[in-house]
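Next up, some structures in structure tokens.
Same chain, two partners: chain A is paired with chain B first, then with chain C.
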Partner chain A sequence: MDVRLTIDGHEAKAPKDMSLLDVVRRVGGEIPALCHHEGIAPIAACRLCLVEVRRPGRGEAVLTTSCDYPVSEGLEVVTASPRIRRHRAMNLQLLLPYAPDAPALHEIAESLGVTAPLFAPVTGAPLPGCILCELCVRVCAALGYHALAAIGRGDHKRVGPPFGRSVATACVGCGACHEVCPTGCIAMEDTATTRRIWGRELELFTCRRCGKPFTTVAHRTVMVARGDIPAESCDLCETCRSRDYARRLAPVR
Partner chain B sequence: MSADRERGVTARELRRIAAVLARYPQGDAGSLVNALHDVQAEFRYLPEAALCEVADHLGLPRAQVYGVASFYQGFHLEPRGEHTCTVCMGTACHVRGAARLLETIERDAGVGAGGTTPDLKLTVEEVNCVGACAIGPLVIVDGEYHGHMTADRVSRLVAKLLGEGASR
Partner chain C sequence: MTARLAGPRALTRYREALTRARDPGRRVVSVCVGTGCRANGAREVYAALRAQAEKHGVACEEQSRATGCLGFCQCGPLLSVAPEGIVYQHVRVADVPEIVERTLLGGETVERLLYVDPATGRPCRTEEEIPFYHRQQRVLLRDNALLDPTSIDDYIALGGYSALCRAFEMGPVAVLEEVKRSGLRGRGGAGFPTGRKWEACRDAAGDLRYVVCNADEGDPGAFMDDALLEGDPHSVLEGMIIGAFAIGAREGYVYVRQEYPVAVERITRAIDQARDLGLLGESVLGSDLSFDVRVSRGGGAFVCGEASAMMASLEGRRGVPRRRIIHLSERGLWGRPTNLNNVETWANVPQIVLRGADWFRSMGTERSTGTKIFSLVGKVNDTGLVEVPMGATLRDIIFGIGGGIPGGKGFKAVQTGGPSGGCLPAEKLDTPVDFDTLVAEGSMMGSGGMIVMDEDTCMVDVARYFLRFLASESCGNCTSCREGLWRLRDLLGDIAEGRGTRDTIALIEELADTVKATSLCALGTSAVNPVLSTLRHFRDEYLAHVDDKRCPAAVCKALITFSIDPDACNGCTLCAARCPQGAISGEKRQPHTIAPELCIKCGICRDVCPRDAVRVH
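The block that comes next holds the complex of A and B.
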């Protein structure tokens, strides 16, 4: 069921309970966020996606995170105001010391006019550059591997392999965590034949046609076993696969 | 099972875990924290094997169960002593010499705060404030509050806990 809402004075329509952040981005609005992924349930960790919302019949607009705010009928949303800017800037300043070198943070800092972090860069973190958005943990769980955990609480909190290990034993080396990490702090290293990630060294699988490695043997084995995609598609790299599709589609034209 | 041997768990321990888990329906994810409390009551801490059994029984990912267990201060992932000695480090206790008390206990027991003696007799802990400031400095032994503590008295207490009382 669709609901109608106003975003910065413009009318918009969206499915009820969809994430407000996704709705705003869909209509072309810009809201910064580091811990959000459209395919994964939000946890509102980075606090950068703040907006002002007013529900019909309720008095003042309240400041809230948009990623975990479900849209409803008659919602009035403001995505930019001095108040929003001030709070986003403060939250970003609190994140900056944890990832002082991350381009994604600097990009947002520039847009918010933030020039300096609130305190000195954090040293000795278990995973340098990590801002604890937990996207890696959540994407790994969403893909069904559960190789990573959010461990501890408060200033001892960290992400990594569970049970105090230095190696993520359940990791298949799909590289999704490396891909979604907003600060690029998850190391993934490919040599000619192996991939190193989370303390594991996994054999790479090469494309049956062009011989280019495109994932790990362990990851491919899971993909084939799950049967989500045809087994023969698991043998080819993305380039060779799309070439196949193009060839199949050519006569249609 | 070789996987169980790897985790250092005996068949007897597995039976103890199974007995605790029998109280909860399979796949009842909402019982996680309760189940962890019950397992901890059995072992005084949460062994890795137990966390895995709890996860499998309740149908939760093991990594998630570990995340929950590591989140709460009330859950322990390392073996705990038969006795627990907790020193209040709140402001009132601090100005009355709590640091000296802790030092004495650490020296007598031979372990630092948060540690457990190798014979699993005693775990030493600090706490930030228990609200009993009027009787500080305060040491809590196995849940019993000992107010107006002195280094001498705490030394005798620790000796008793370590089972050295009789020989002196």
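The block that comes next holds the complex of A and C.
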């Protein structure tokens, strides 16, 4: 069921209960966010996707995060008032000391007119560059591995292998966490035969056709076991797999 | 094991049998082994009492009991003697033989163990004569003195579970209406009308409902819920059973923090006893109600007191709050309709059912009905647990019941509502304590913590203390709360350590505004209360720190110096002998001096000086 809402005065339509952030972005609006992924349930951690919403008959506009806000009929949304920009800027200032060189943060800083950092860079963080968006933890869980966790709370919170272990024993080295990290702080190093990630050293799997290593043996084993894609495709790198698919297209009748 | 009671009449017969076997005139000595008294050696006193009584051939099982908190923690270990109602304070093991011989056996009073009213100088023999007690209205805490919390028989003999029978007579609809009409509001802090919460849960779609008791009390200095669970666990359980009956719930949980081992043990035992008697399980008291309760232990994260975080924790997940699009009463624990109430809220339920909504409404104010338990701690003469009608003023509680500030010092502030509460100054002492007035004054009811501060308290230091707690107890999800709180803590540290400027204060205010406006749960949005309320009411003190680099209360070490007044010092050498740094020198019987470069400002010299000659600037 679609609902109608207005975004900065423009009318829009969207499926009911869809994330407001996704709706705004789909109609071309810009809202900064560092912890959001359309395919993963929101946790509203970064507090940058702030907007003002007013529900019909509900009086004043309220400040809220948009990623975890489901759209409803008649919603009036403002995506960039002075109040919104002020709070976004402060929350960004709180994250900047952890990843002062990350392009994703700089881009947002620029859009908010943040020129000088309020606080000095934080040194000695358990995972330098990490802004605790938990995208790595969540994407890992969403893919069914649960190799990572948020650990501790308050100013001691960090992400990494569960229970503070040094090695993520359940990690298969798929690299999804490395891929989604907004600050690029998750180290993943491939040598000729192995991949190093989260304290693990995993043997690489080479493409049966072209011989290029494209994932880890452990990851390939899981892919085969899950059967989401034909087993023989699991042995091919992305390029060879595409070629294989193209070759196997059924003839047009 | 006793047989399950077949119905309300069987319970009545069971109670009659108990009371017949008990002689109301028989003397019983109760030793408070609540948190405060336990720390003061009450368990040893109780053991000595049992041993001594046995020596005299007294039937210990019937004539001595260890009870939950009696409230007057300042004077513990406390011992009370029924039926006379004699109260002894600061009881030591050495006092026990005399108590047994003169009071338990002889019916006499041991005068030297009585509390002396400092106002009149007269010894107080019974609770009624002690100002701390007679100014209270103890509805929930009353039975703590009368029962052994490990005995369901004690609870039943006092009329326990008759509210449940009454509820069965009334039917679920009438019970819910009665609770609604009573005006009872959630004692955990939010003050949401309990009846409306129940109604929403009852009316929510779904066949399996849960009732949950929030016993995750985590405020520093607060122990109201602990005292109820330790002292009268069946009253909480009876409330939950009645709630389950009204709502139509089949299962219940008590979420209690692991750090309350005695409370965990007591409520677990109470549940087992109730199940054995047929008050829990299939067909409660022969009725159509099937309901059982399990205990779930929390790991001590303050944030797990927040409803959505608690549900996550109960489900075995990390205790992190999430936005509640759909209310808990419709989709709570495991996605099912769930009703969550605090310990004290549940404990009120049997009373309301038994005595009626009108009786309940007769206590308190129009919009905040009933009584409320506060843990009165800090710089107040009589610390302890107090129960007063809602609407009592801060002055009634702190000066009337608490006996004012020790050592003739001046009152400076009181913090209500736990770590995220606000600090109210002397001008606000006549504020009535109810849900709405406290919020209007920039503080809150919270679950009932009340920390009194005297003139020697530095408000910057206080704000910093609470921010330190909250920064480590934030779940760490929201940037604003996780990062903002420790930044605020450090900015307050800058002020306390003499590095602050007016810009620091401006940044604190700006940052606090964002933390308050953009954090997800109540922990974050209220965490800035200590700093904002102290800035609001004690701004001069902040300015003294940043402008003059001076701590008016002489607390912030970086801003104070210790010196010895040569006119007052008689050269007794005590300070020099005790100084851990060897910073004090001087000839015997000559004024001493402190070497500032060696002094670590520990304050020992000031504490030991018999002539008050140590000055702090």
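Here is the rule we go by: the second predicted complex is superposed on the first by the 246 of 253 C-alpha atoms of A that agree within 3 Å, B and C clash if a C-alpha of one lies under 4 Å from a C-alpha of the other, contacts with A are read in each partner's own complex, and residues count from 1 in each chain.
Just so we're on the same page, a residue touches a chain if its C-beta (ideal position, glycine included) is under 8 Å from a C-beta of that chain, and two chains touch if they have at least 3 such contacts.
Everything quoted here is computed from the prediction, not taken from an experiment.
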Between chain B and chain C, positioned on chain A by superposition, is the outcome a clash or a fit?
clash
For A:Gly152 in the superposed arrangement: first (chain B), second (chain C), both or neither?
both
Once the shared chain is lined up, is A:Ala61 touching chain B (first), chain C (second), both, or neither of them?
neither
Of the two partner chains, chain B (first) and chain C (second), which one does A:Ala141 touch, if any: first, second, both, or neither?
first
Per the overlay, which chain contacts more chain A residues, chain B or chain C?
C
Figure out whether A:Ala170 sits in contact with chain B (first) or chain C (second), or with both, or with neither.
first
Just to be sure I read the superposition right, which of the two partners does A:Pro162 touch: chain B = first, chain C = second, or both, or neither?
first
Of the two partner chains, chain B (first) and chain C (second), which one does A:Leu118 touch, if any: first, second, both, or neither?
second
I need the one stretch of chain C that runs into chain B once the two models are overlaid. Options are 60-68, 294-302 or 564-572.
294-302
Taking the stated contact definition, name every residue in chain A that is touched by chain B in one complex and by chain C in the other, in rising order.
149-150, 152-153
Residues of chain B defined as touching chain A within the complex
48, 51, 61-64, 66-67, 70-73, 77
Within their complex, state which residues of chain A touch chain C.
43-48, 50, 63, 65, 68-70, 83, 86-87, 90-91, 94-95, 118-119, 131-132, 149-150, 152-157
Taking the touch rule as given, give the residues of chain C at its contact with chain A in the complex, in rising order.
301, 303, 318, 320, 322-323, 325, 470-480, 482-487, 507, 510-511, 513-514, 517-520
Quick check: in the complex, which residue numbers of chain A touch chain B?
137, 141, 146-153, 162-164, 170
